[in-house]
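Both of the next two complexes hold chain A, though its partner changes from chain B to chain C.
This part shows the complex of A and B:
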């Protein structure tokens, strides 16, 4: 009796029958035809995964949601440009992961920041690589973000009913740029110091609210020890949290509304026959 | 008949839940228990959230109301170091907590009664005996450098140029370079608070670069609440 077996590791796979045992009812079974221990093991191993998934699903009811998100219908003509959003998200995840590891060595104290950053680059094992990934990755994320935005704009994906997703996207854009601004100060070298002074003073040039905005960013009237801790807290707690939450909302809407078809696809019109007219 | 009735104004709704035939309504009850509980839960949640959100917000915003340049007099050298014809660079601490980043370069010279007109703010008072100029460009805050031959301050960032008084001579800056209070005491020159000046060298509370202090523009850039 041949049964469909799931892909099992070799030691669980039924051994082919020896020439003298052709008449055995089940592989590796006992001579009387009852299933043996190996049979039972094989069976439960094959179903183990399904059982775990089943256990979880029974207790969360997640499968309809996941099915809706993962097996949703996609219009004809979707192409590589539709992967730019996911690419941006991947860049964000990469920034989050490398950032967490940088935080293990980085010290946001105004007198220690520069030293700890150069310690990461020069002494920590693979530090140069991780810091480099975070630094260049920030540029990559912003480039991908603009490409993704261009895709949704050129394809008209911002139109009804996806306006809200465009609005969420704009907030994500601003938050991502704010990540760039707050992160730029952290190496605390001459370039980041003066660039941040200029950036904060640019904020100060806004009419009416400018002076208050600049004081809020600096944590006072002068660039001080609070400025760098403030930027650090914004850079690694507040803004990434907001970005993660908004990416969740962004993707929920993508799954809920479906993606747009490319604009060059027209709805197929049926040619009407004479009788139908 | 039916038409006539519908045109009449509907009778005013009773305030009492009992009059609406609600199940379990009390005599004299005007707010249903469901509404009362909803409102109570929202209020409790609101109070609980405010209890942590308001202190946190105050914590984050407090520095905006702190005195930007606390009173502190710093010694920059003996009076004999300075003269009225050229600026001498000195380093002062603007913030003691941040190491090198809290230091700032300033330019110091003696006040010259012949070429320096007293500031309109000095009417009736002695002018500040030393002209102490901040190196923070009034455009966006880059550090300016003084050149003796043309007697000009030049900014490396966007080409801002200031004359010997620190007034704008070219480029994008919107007002003269900031100045510091100065005094002579026991033969030493001491530098105090920073202040901003407009194009007539009238004295204003310390402002950020890019904030105008002349004409109608000045009303778009209010002073800090602390000053």
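This part shows the complex of A and C:
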């Protein structure tokens, strides 16, 4: 260590050892009591991963939570029907990812929406595949959602104490259908245009709030250039944000309350009493 | 469920839970496998079925019959099944809203402690009836094919005109008999209100958003005539199906 070199900036200086480290270094240190710099580096590099995890854990306190979520027990009899919910969520993630890629090329302008959709389909690399995945992903998501709901219903899983999670699930169903409705207009071909006109007019026929709802969806009394940007904003920001937040709440309740066991299973109480004894 | 039943359920559940397996890796493995299958199905459908993009949206042509995504077929079909106009709002919003509220509030009125599906007959019958109803309406909507069919008995000489009218997409906006939509004026008895010449004038120079049918008149004047003839015949008192002279004329023309 030459005295001629300028002092290191503060953040590069080695931290003073902690009491526990002091002990260790005195155990493993070289005879002269100075551990080699290379040894130190090698040691810290090996522990790098653990240190990062430790750093994060110290600041977030996440590990008990993660341990609880990952190693919590799922009740006896949990079978493949219980994967439908996570598969629905996965379909949503797939929709989000393909949706982001579509948004990179899509133009929500009434005069250019169709051209950009056609550009995605015909010219962009893998564009047709991604658009196809987004289009059919909605069908897959709806089917999985209904199957998940059927499982929940047949197993009586909406009953105490999981009533709130059922309500959240039904709201998620409505929001997913709203995604289907708002996304249908965006390619702006004949089919999507006329179907949306009719859908909005159906909304308008509702008593009391109907006309207001239709005006809100159209962005005015008539179908106009505002309509498509409005559907775009609903489809890209508002509804997916709500869905993501509600999926979070749904999962929190699932982890907290646990998934139900199939209703035809009974606990083997004898075994347990033996264990307890 | 009363307090005792709740307590019993929680106790039973906690025992079942201790007898289960940890979420990781057992459930995580199944979920991951299912996610892979889901992604596989999505990609397969995307590759096999593609992403069809129809012709560009054109507010001036109505030859396009509106067709929603398949999972909305049941709603559209409900609208078609419910005929009386004063009940239409029941089909568009009443029934779906009631159904949705019943679904949403299910855990608050189905309070029995029993969870086994075979011991909940009322709930299961309701669910099966709902599923069968929705599936039936969806299938009806799927096989309805082109909604451009006018369900109306007309004299044979107007049959051709009826086909032309249907294929020109008038039903996209107008209602004729039980068929069509209600965006534009109802044409069921238009013959009482407008004469033949007035109909021709409207077709050639309509008020927006109705598209003009000048092209049809220029390209196939015969079809245009048939269309006008059919529309003008739509009266409260339909001409009797067997009217000797014009019927013979029509059949002669066909030959």
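Please note the rule applied: the second predicted complex is superposed on the first by the 220 of 277 C-alpha atoms of A that agree within 3 Å, B and C clash if a C-alpha of one lies under 4 Å from a C-alpha of the other, contacts with A are read in each partner's own complex, and residues count from 1 in each chain.
Here, contacts are C-beta pairs under 8 Å (C-beta built on N, C-alpha and C of every residue); 3 or more make two chains touch, one makes a residue touch a chain.
Computed from a predicted structure; not experimentally measured.
With chain A as the common reference for superposition, the partners chain B and chain C occupy clashing space. By the document's definition of touching, of the two partners only chain C reaches A:137; chain B does not. Touched residues of chain A, counted separately for chain B and chain C, are more numerous for C. Once the two complexes are overlaid on the shared chain, A:211 sits against chain B while remaining clear of chain C. Once the two complexes are overlaid on the shared chain, A:220 sits against chain B while remaining clear of chain C.
In the superposition on chain A, A:65 makes contact with neither chain B nor chain C. In the overlay built on the shared chain, the residue A:55 is in contact with neither chain B nor chain C. Contacts of A:83 after superposition: chain C is touched, whereas chain B is not reached.
By the touch criterion stated above, A:167 is placed in contact with chain C alone, chain B being left untouched. Looking at the shared chain after the overlay, A:188 reaches both chain B and chain C. By the touch criterion defined above, A:197 reaches both chain B and chain C.
After the shared chain A is superposed, the part of chain C among 21-29, 39-47, 93-101 or 165-173 that runs into chain B is 165-173, by C-alpha clashes.
Comparing the two interfaces of chain A, the one with chain B and the one with chain C have residues 188, 193-194, 197-198, 201-202, 205, 207, 210, 223 in common. Within the complex formed with chain A, the chain C residues making contact are 1, 6, 9-10, 12-13, 15-24, 26-28, 30-31, 33-35, 37-39, 41-43, 45-47, 49-51, 53-59, 61-62, 64-72, 75-76, 79, 88-89, 92-93, 100, 103-104, 106-108, 110-117, 120, 123-124, 127, 131, 172, 181-183.
Per the touch definition, chain A reaches chain C in the complex via residues 69-78, 80, 82-84, 86-87, 90-91, 94, 114, 117-118, 121, 128-140, 142, 144, 150, 153-163, 166-167, 170-171, 173-174, 177, 180-181, 184, 187-195, 197-199, 201-202, 205-207, 210, 223, 258, 260-261, 263-269, 271-272.
Of all residues in chain B, those touching chain A in their complex are 60-61, 63-64, 66-69, 94-95, 97-99, 101-102, 139-143, 157, 206-211, 220-224, 226.
Of all residues in chain A, those touching chain B in their complex are 110-111, 188, 193-194, 197-198, 200-202, 204-205, 207-208, 210-212, 214-216, 218-226, 228.
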